[in-house]
Amino acid sequence: MAKLTAFTMPKWGIEMSEGLVAEWMVSEGEDFAKGATLTLIETDKITNEIEAEAPGRFARILGEVGVTYPVGALLAVLAEGDASAGEVDAFIAAFQPADASFAGTEGDTASAPAAAAKPDAAPAIPDTLPISPAARARAIEMACDVSQLKGSGRGGRITLQDVDQATSLAAPLKLVGRLELSPQGEAFASPMARRLAAQHGVDLAGLSGTGPHGRISRADVMSKAATARPAPTAGEAGVERIVMTPMRKAIARRLTEAKTTIPHFYVRRRVRADRLLAFRAAAAGPRASVNDYLLRACALALIEVPQVNIQVHGTEIHRFAAADISVAVATDKGLITPVLRNADAMSVGEISVRMAELAQRARDGQLRPEQFEGGSFSLSNLGPYGVEQFDAIINPPQGAILAVGTARPEPIDDDGAFRIVPVLHLALSCDHRAIDGADGGRFLSAVAALIEQPERL
Amino acid sequence: MQLSRDALLHAYRRMATIRAFEERLHEEIKTGQIAGFTHLYCGQEAAAVGVCEHLADDDYIVSTHRGHGHCIAKGCDVKGMMKEIYGRRDGICKGKAGSMHIADISIGMLGANGIVGAGAPQAVGAAMAAKLDGKGKVSIAFSGDGACNQGTTFEAMNMAVVTKAPCIFVFENNHYSEHTGVEYAVGTARDIASRAEAFGMKVWRANGSDFFDTYEAMADLLAYVRGGGGPAAIELDTERFYGHFEGDPQRYRGPGELERIREQRDCLKSFRARVSAEGLLDLADLDAIDAEVAQLIEEATTEAQAAPAPDPSEVADDVYVSY
Amino acid sequence: MTVMSIRDAINHTLHAEMERDPNVVVLGEDIVGGNGTAGGPEAIGGIWGATGGLYAKFGPDRVIDTPISESAIVGAAAGLALAGKRPVAELMFADFIGVSLDQLWNQMAKFRYMFGGKTTCPAVVRMIYGAGMNAAAQHSQSVYALLTAMPGLKVVMPASPADAKGLLTEAIRGDDPVMFFEHKALFTMKGEVPDGDYRIPFGQARLTREGGDVTIVTCGRMVSFSEKAADNLAAEGIGCDVIDLRTTSPMDEEAILDSVEATGRIVIVDESPPRCSLAADIAALAANKAFTALKAPPQMVTGPHSPIPFARELEKAWVPSPAGIEDAVRRTLAFR
């Protein structure tokens, strides 16, 4: 019986995820000595040879020259002794690349609840079973059949951790694999510092260490790695280079994704705002902003035309019962969109108060995650800047966004008479994968109707 | 044997200092200001001084839990000692040691020790070092009738003999190991020296409550040891005025025992009597020393009471040279 | 570079240090052997061989055979150190700290602190430890956890010849009391040792295998066992950092935490029973200081809560094995 081992795509450095087989130096069946060069692998960072760690022979070579394979993929089968073709085939069939082997146990089958969780399948937990109170409660909650569990506590007692392990569904494991032994060198550095220095090309000599007894630590190497990026060329006068903040980068990424993947279409309408402005002026109590009225109008319209009150997720459309509207707030760090939840259930006055709170929290950087995540619709208002009209980019996974400009005096047809009144330009951007033109039009009409009859708000 | 006038005055000063130091502590401890355990040496001064008057700074001694007398006899700074016992920052050991662990390595005082019998092997080690240095230095292990039963003492005696280390075992037999009498606890009762003899070393015996008796026996012994004779032991018979520790109700004492000890075994009294009877010294000189000693102890006490406590930030200092 | 065994590295270091510094003194039972016998000194040459040849070179004043008196041996070492020498005492079996514990625990460990920092105790106590030679319950224990817990002592256990030389040199030249653990089953382990003079500072762990998936922390003989396990696992694409602590007091916390923060999974291999062990100490460190990085509970690979048995099969079952270490790695990877 031969001993067969896998020869796989190696992992050089934590970032490498795949490599290209550039050349094979030995052929199938050819004996090689320890230290012989076997193959040349190319990655986007380096090209490197793999040397034989022991004398041997490739019983089968699978990796094709010029083809890229992920780290861990089977490139060849090493054999000690003779192996039949059948044995080699069996080995190849049984081989699981490191990533896939763990992924296979979760993956799609995990979306169906595990057998243990069938609500009516779990038998009652006997009183005499050694199990902690918390574990018992969790088992009942998760409908877990503890009679099958081997407890890890003293004397086989079942612990909370045992129940959680039996019932949890976690993400697949991604293995990093073996790393090259970092060079030892003369420098007084911690083991991780050496590794990171090697990976990031930082020279340890001359680095001053902040670790115990002045040892170079991980932090020392990483701060050098961060500052090692080439400094901007000083030559261009009058150009200030600003590195994007993480927040700016996130905005950039999301909106690029939205603009390139969502098929936007635009529905536009002019709306008379004189009645709204008068209604607002006459309202009692603290004065709400025009934007607050618009929010209320959008909220009611979303309930009236639920086809627009959606989120798009892949091939699914999620339709919402309440109107959660994201409102754009400009802060000095960038655009933040806190979500006004259940706007349809709030009066204009309540909306006003809530918006003031959210806007302030947004500016202070104190929004909690649940306060800016989600929402099914967005409202963006550039009126305060004198913008007449514009088209906004949809915030995925939402289905639409309304862009509002300033109220400008324009001529309208007022029941046959020619009048000049403040007019708002509304532009609705819709995701055509989920919203059709008719829905967009109906929604915009609903909003317009509410603005033009503000007593309905 | 003939001691010079200076030598006699020096010896008396040392004994008087120990007596005054310990008596003052006896009073001050009652106020509750001094923390922990204290074991007073009153009554045994002649033992410590009779031994240490022969020693130089580069001879070593290792002491017991009842160590103030040995410390003073070896030349430790009295004010520093008082501050240490009061747990002050500027005590000899920065307040880290307290009464039971006072040390001053620079003058060969390798430490009082809270573990009975622990000092003996260390004294042997120091004697081995002395032998390597070849300058005729010696090392002294002070032990009591209690320590003479500890395994470490036996191991040390045998080790000293087989390595021919210039180690001297001084057994101060004060008749009590804590609250148990020596008749009961020590199989050879009033004869501890014979144990050392059985281990293979030459032994001496002397009256530890008499300075001259102790001093003369030690002179003989040290000539032997410094001359390369190997380790030796001396048993000093003595008695302590106070309890094992301060606060000890001393219920083990017989009727009139404490009075008898104060009357008949007070080495200061017997020293005065002897130097006066033999015309060696003027008693007025001794009185003058008493007055100076009283002044020193008074200053040491008031200074210690006023001295600053160690800062809590020092609690983990000086565990290692470097870590 | 010279290839030599750990025993030779220790012997070589003792020779070198005794030559360099006349204050270095070696003492212990049968470190010469043969004194007072018909065969004469070095008839035996020292039971472990680590002290061979010293007597002939440096004589009975500096190479001292002692009677069987562990308290006196360690106590004498303490006294020698206080009196300015640099003693290297040997405890033939680490299990004998029981007989000499006061001199280690209440004396050597505490001198510097109790005496207000005004003295040093530069004593080294070499002690031979570990299971794997059927020496049974009283001659096979790994007692480093007990001594690691004592403030004032430093605790060292080399796992390679190069480290044995560098760490012993550091121990002898340093001014603190050092407990120097030599595994009886590692004396014959060979490796490359740099020539010339060098010291390895304490508190600096050595990374002997590198990988990104699991952190294995260990010391002594368990280092090579962990390396075997790591190499087996690497063939499956599972990468392990194997951290050889080298010293448990002081301990290189940073090396452990850096690695755990990268992998999220820690396996501690400790050749000792589990309660109040080094493994428990390091598991607590990981849980305390790397809690948010952990993806699985710390795994401890230890012997059972029992003395070490005599029979071959039983001792084999007692001592952690490379297969057991592999299992622990797989367990931690399987945790959800």
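Order of writing sets the labels: A, B and C. Residues in every chain begin at 1.
Simple rule for what comes next: a contact is a pair of C-beta atoms (placed from the backbone, for glycine too) under 8 Å apart; a residue touches a chain by one contact, two chains touch by 3 or more.
Predicted model only: the values in this text are computed from it and were never measured.
Under the stated contact rule, the graph of chain-to-chain touches is a line, running from one end chain to the other without closing.
Taking each chain's centre as the mean of its C-alpha atoms, the one that lies farthest from the centre of chain B is A.
Chain B and chain C, compared by their mean Cα positions, are separated by 40 Å.
Chain A and chain B have CA centres that are 78 Å apart. Averaging C-alpha coordinates per chain places the centre of chain A 48 Å away from that of chain C.
Shared interface positions of chain B, defined as residues touching 2 or more other chains, are absent.
Among the residues of chain A, none is found touching two or more other chains.
Chain contacts: chain C has residues 203 touching two or more partner chains.
Note for the complex: chain C touches chain A at residues 201, 203-213, 230, 234-241, 243, 252, 254-255, 258-259, 262-263, 297, 333, 335-336. Listing the residues of chain A that touch chain C in their complex gives 5-6, 8, 11, 14, 72, 97-98, 102, 161, 165, 168-170, 173, 175-182, 190-195, 211-213, 215, 217-218. Taken together, the chain B residues at the contact with chain C in this complex read 60, 62, 91-97, 101, 103-106, 110-111, 113-115, 118, 120-132, 139, 151-152, 155-156, 158-159, 162-163, 317-323. Within the complex, the chain C residues that touch chain B are 25, 61-62, 64, 66-67, 69, 71-85, 87, 102-103, 106-107, 111-120, 151-152, 154, 174-176, 203, 250.
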